[in-house]
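Note that chain A is present in both complexes that follow, paired respectively with chain B and with chain C.
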Partner chain A sequence: MNDDSVIRTRGLTKYFGRKAAVYELDLDVPHGCVFAFLGRNGSGKTTTIRMLMGLLAPTRGTGTILGQNIRALTPEIRARIGYLTEEHQLYGWMKVKDCGEFQSKFFPKWNSKIFNGVIGHFGLKPAARVKDLSRGERAGLCLALTLAQEPELLMLDDPGLGLDPVARRALVESMIYLTRKSDRTIFFSSHHLSDVERVADYVAVFDRSILRACCPLEKFQDSVQQVRLRFPGAPPALPQIPGLLQAIRTDNELRVTCVGYNGATESILRTLSPLELEPVPLGLEDAFISYLGERGEKTFILSELEAKA
Partner chain B sequence: MPDPNSKLTDSPTRFLFSNRFSLPFRPECTSCISTVTVPITFNIKTGSTTPIYKQITDQVRLGVSTGRLAVGDQLPSVRALAEELVVNPNTVARAYGDLMREGLLESRAGRGVFITQKRKVFSRAEGWRRLEPLLEQLIGEAMILDFTREELRAAFEEKLAKWKQPEGGKSDE
Partner chain C sequence: MKTLIQKDLRENLKVALIGLLIFSLLLMQAYGSCASMLANALRGNWSGQVNSLQPLLSQSLLVPAAFFCALFGAALGWLQTRNEAHRDLWAFLIHRPLTRTEIFWGKTVAGLCLYVFGAGLPVLVLILVVRQPGHVAAPFEWEMTVPLVTIFLTGIAYYFAGLLTGLRQARWWVSRSFGLGPAIVASFGTFALPDFWMVYVLLLIVVVILATAAWGAYQSGGWYLGQPVAGKLALIISLAVGCAIVLLAGVGLTSGLLIQPFVKTSYEYSYYQMTREGEVYKVTMRDNETAEIVDLDGHPLMDPKTGQRMDRKAFQMLTAYGGTVITSLDRPLPHRNLIEDSGRFFNLLNITDKTLWYLDRHGKLVGYDGRSRKFIGTLEGHGFNGVVAADQFLLHPGGNYYYSYYNSYTDVPRKMLVSAKTVYQVDFKERSVRPVFTLTNDDEIGGYVANEVATDGNQVKKLLLTTRRTVQLLDSEGRSLLELPYQPGFAKYPQVELTYLPSTNLLPTYAVWFFPDGELNQRAHWTMPIQVRWIGPDQAITKTAELPTLQTDGTESWSSKLMPALLLPPLLHMELNRKMVSAWNLLNYAVAAMLAAIAWQLVRRHNASVKAGLGWTLFVFVLGIPGLLTLLVVQEWPVRETCPECQKPRAVDREDCEHCAATFAPPEKNGTEIFAPLVKT
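And now, the complex of A and B:
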């Protein structure tokens, strides 16, 4: 579809036993963008990244990364990809500076200025032992080890995990710094939607092993819409609404959240003849939660709660 | 010598300094960090219902309409503003793009981004649509706080008198 894709998969699927961890994934990551990979825990994000890195054989389907088949990645291709794992694997007996020294031997474009810059940015001492580092410090060190490779493509698996707000800001700043070179692509998974809002051009939303959205960030935010309908009494039953995500019912109100709200959706809702129909703007976080939260109709009727109490 | 009370006021400054984005590996690129003093401080919130690019355009529009930004004022480059606000440069570029299409900003090759002649951005009807809810809110709050109509009118007049006339405002009829 797009020849400029840095990552492209078609029908990529991975089963663990009888359970699909990733199902029929079609993904295109454009060259030079910051791509956020979102989804709840256990939705298949890490499995996807491990398949893309050639660390896990797909059950079926195809994929390319930097134009090469993910089933046959050469060391040359791998050297162009900076991969930050979720676990921050490091050798505890090494000193911070030894880690850099060790890692540098594997990467021809190693840039020790970047390494020192990032460890400084995270307040790490070169002589500190890795086993004595805090979680955030380990994350900073791993990031330094990844960024100093000057990779064309960065694959960051939940880089913000367990970081304090200051360290996370340092992470986001480092990512923005990297976009200076327009040929860099950053692919990262995250649960921190405020960070995503700052840095991402594109978002992909993963839900229980299925890709449910993949589009520019603002398009995602625009297309998830909430409307509030007010009624004189109890709200009527809801008709079929295309793209319905959630409907929350209270004594005399109906809050409907759907994807791709448009004139047609509005006229369906108008047939319920509400007293008032008012669009409610959603932030990224609310849009995301209603997108991935429990679907269907929910009822919160105060009188019922009172009756139980 | 250290004043024990100074702790409270001291720490935020130290905090700011130590965490100022100054990756020492920032190489070649000092030229793209704009050195112009910009008469506007952007304030970006994440988690808002207003997308970041729109927060930027809104703040520039507000700056222009209040006169804080005058014709010929320079804004930071896309890159500089992105790093200052810690947002994706494409977001800033999109905001600037929108403002250029509206005729509020212009990019002068090799020199930067400038505020241009103020043009009428909104139709009168759209202007009213945006103003109405703010008036309602102002009056509502004032009533809750027990201000009299006279007090409110006087305060309003006083503020209005102090407001700087926007440059190029003559053409704004």
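And now, the complex of A and C:
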């Protein structure tokens, strides 16, 4: 357990009806880092963030954010947290500049320069009405409203959603700018793994309501490994391999992706007597897809497929 | 908070403007219909409610205003929260350095300002217009604004109910609207409670409850769990009222459509009637048909022509007629609620030469010119615009409140009016007032009624009046035709009826009936008799009789007893039955106990504390089915899943199993976990 945690949860659980959206989540987010929260759609990322923000009551378990119980966040704590919601909802009748003026009245550290800078970066006209903005423009405005609060902790729920690659790059640059100040922490969920790779110090990966990974980014990438095995003919049946994520069988090749590949794993694979066994380097995206993709063996042997057909 | 108020004002201004427009049109239309009533009255072809001439008291204004204020208040509150119902917009609103209480009050202040703008402004303009001389040809007093202002204030209860409905998260979607229940009760109270202070007390209670429930919903995002205790209690009360209303409506519909058509209910009542010969008969009606007409010994009245029992139509030809006076001395006015109250301000007595003459509640005859709609002066004991303070005319002729409320206009140039001491002949055409009879002693007139009596083929106007000590009959010139002591006294026998019997030797005879006060008689278990005196031509009492009070006998079917016993809360059922122990009450207690047991089971099964379980059990026992419905509507039940240790179902919102105290297992490992210490490098 880290005493320096900005966010800490213990057994945090949320049920919607009979379905557990988040199950027994234990999480510690250190101070001053960029923490990426990954997972497929419906895996529980947004639910977790909404619970952390005190917007959704947990079914059980505890959590603190900036040292305060998430079930009773005070205005003082809220002033220290910038929160960007997933769908970038704002009051449609407001103008861009009205949104800034509105928020500035509440947040004591409001920085108009940041607000104007970000809306300028996204090419937003101050007189434009929110309802007339595109989804990406609205995301940019929401980001401006969040960043201008100069928060200690930034909670971003899929901030890149709806942004084009240029805008996303702008967002990433903003995040890098923010983390230059060491007292800032950024906790964000995303599906854009290239962005994660660029800025994140740590990743947490959710798989069907359960936290399966929480580690430094490099550690995650290092832990998910793939090896290619060549055979003279059809690959033999795969024995039990610890940490197996995927095994893809083709006519004379077997690709095995697993977590925690080590000497013991290699020894097991060597029992299959492959002609060749070579590691395949994986990027974060490949590692992530393998990690959260369908588990088990897949066969792409042409003769078998034809026979089935 | 100021910024939030400004934001909400701006956001919902459109709704308020639409409300303002609709309400203004509604009030203008009602004002116009009052003006056309006046035009009809001036043309001489009008009969209707007197208060229709004063828009502030007119039902054609008050009823639509009540509907509008309720709908507008509820819509405003609902829209104010539904605008931010999207979870991300709600998060945008909530996540700021303000407490939820501050956010709630910010929105409420804005909402109430908009309500005042949309509904209050038209009310204010209407009052100012009506108050301005030349607009309404009827008396105006500030107190007349009370009904409309009360209706306007009732809309505030609907506003909070709308807020609550918009916020509340509920498993049963329809139950979100049950929070409107207390506001509906406040509306009924506005029209039904006997005095306005009661309405205001009720309204205050309802507003406090609904505002607290809405505030509580703000604290938890609309869920029951997570609310402060005050919010929970207010929500439970609000929804209990809503459930009771839904239940009543459901039972009413079920009973009306499914039970009543197949169950015969019988209703019977009897009354006395006197023939012109002075004989008293008892007429019994059953299901609105004449069941029997019998004499006081119980012998049926036979028709001499047919030899059969006499029917009611033939009997009516034999009966004498008379007049009734209710002596209102030392008695408060019978009703002062919104509908009845509007009639107490004035009574339209006459329209002569386009002048409307009202008897106002201060006992003055005030005149309004129908064309200019302006006040022209008063007719008092000393003539038109008399300078000397005159007697006040008694307000409710005959003590019958109905006559001051509903007026069938006839153009009678003269009328007899009565003050505490004097009977006056009022000539509207000449605008003169002439005393024709005055009590010379320290007696006081308590009630009167003017009758047209057929005497020897001539219609003669006679005035029956009661004083503290006497019952008197006067002719139109104030000459005494009959005077007898008021025995047994107006305190116990306030209603006096005089029956005119055919004259014998050109000297009239009468029968005088003294009816006991209904409330006193009920308290005396209906033992106070009706007293009758027969008066001979020499004004001497020739005969007396004491007739037993005839009670209404409604024979109700078992279904009309069973349904309340099954559905009503014990307290209410006991109050209606007025007996602690009866078969139906016992059934009612048994049902309540069964429901309470179900409540206990439900609450305990879902892991509530013993305290909460006892609370809900008592609540359901006291309120019966509405209580159980409330429990089902309010409570959010946690999911239960099988405990792997003890195999019993356990609630998922506990940290451990309630049966075996086993904790929840950590997520099952599948061998692909990647965990490492998070230490910033």
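Here is the rule we go by: the second predicted complex is superposed on the first by the 304 of 309 C-alpha atoms of A that agree within 3 Å, B and C clash if a C-alpha of one lies under 4 Å from a C-alpha of the other, contacts with A are read in each partner's own complex, and residues count from 1 in each chain.
We take it that contacts are C-beta pairs under 8 Å (C-beta built on N, C-alpha and C of every residue); 3 or more make two chains touch, one makes a residue touch a chain.
Keep in mind that this is a model prediction, so the values were computed, not measured.
Peer 1: Answer with clash or fit: chain B and chain C placed together on chain A by superposition.
Peer 2: Here chain B and chain C can both sit on chain A without a clash.
Peer 1: By the touch definition at the top of the document, which applies to A:130: first (chain B), second (chain C), both, or neither?
Peer 2: After superposing on A, A:130 lies clear of both chain B and chain C.
Peer 1: A:193 contacts which: chain B (first), chain C (second), both, neither?
Peer 2: first
Peer 1: Specify the partner with more touching residues on chain A, choosing between chain B and chain C.
Peer 2: Result: the larger residue contact count on chain A belongs to C.
Peer 1: State whether A:118 touches chain B only (first), chain C only (second), both chains, or neither.
Peer 2: In the superposition, A:118 touches chain B alone.
Peer 1: With the two complexes superposed on chain A, say which partner A:169 touches: chain B (first), chain C (second), both, or neither.
Peer 2: So A:169 only meets chain B here.
Peer 1: Taking the superposition on A as described, I'd like to know which of chain B and chain C A:86 touches: first, second, both or neither.
Peer 2: second
Peer 1: Angle at chain A between chain B and chain C: what is it in degrees to the nearest 10, using CA centres?
Peer 2: 150
Peer 1: Contacts for A:201 in the overlay, against chain B (first) and chain C (second): which applies, first, second, both or neither?
Peer 2: A:201: touches chain B and chain C.
Peer 1: Applying the document's definition of touch, where does A:281 land relative to chain B and chain C: first, second, both, or neither?
Peer 2: first
Peer 1: Give me, in Å and rounded to a whole number, the least C-alpha distance separating chain B from chain C in the superposition.
Peer 2: After superposing on chain A, chain B and chain C come no closer than 8 Å at C-alpha.
Peer 1: Both chain B and chain C contact which residues of chain A?
Peer 2: 201
Peer 1: Would you mind writing out the residues of chain C in touch with chain A in their complex?
Peer 2: Where chain C meets chain A, its residues are 2-3, 7, 10-11, 86-92, 94-99, 220-221, 223, 225-226, 638-639, 641, 652-655, 664, 666-667, 670-680.
Peer 1: Mind listing the chain A positions that touch chain B in their complex?
Peer 2: Where chain A meets chain B, its residues are 34, 111, 113-114, 116-118, 120-121, 166, 169-170, 172-174, 176-177, 179-180, 193-195, 197-201, 218, 221, 281-285.
Peer 1: Which positions of chain B touch chain A when the two form their complex?
Peer 2: 19, 21, 23-27, 29, 46-53, 79, 82-83, 86-90
Peer 1: Where on chain A is chain C touching in the complex?
Peer 2: Contact set of chain A toward chain C: 2, 11, 13, 15, 17-18, 20, 23-24, 28-33, 50, 53, 55-57, 59-61, 71, 74-76, 78-79, 81, 83, 85-91, 93, 102-103, 105-108, 201-202, 205, 210-216, 219-220, 223-224, 242-245, 258-260, 291.
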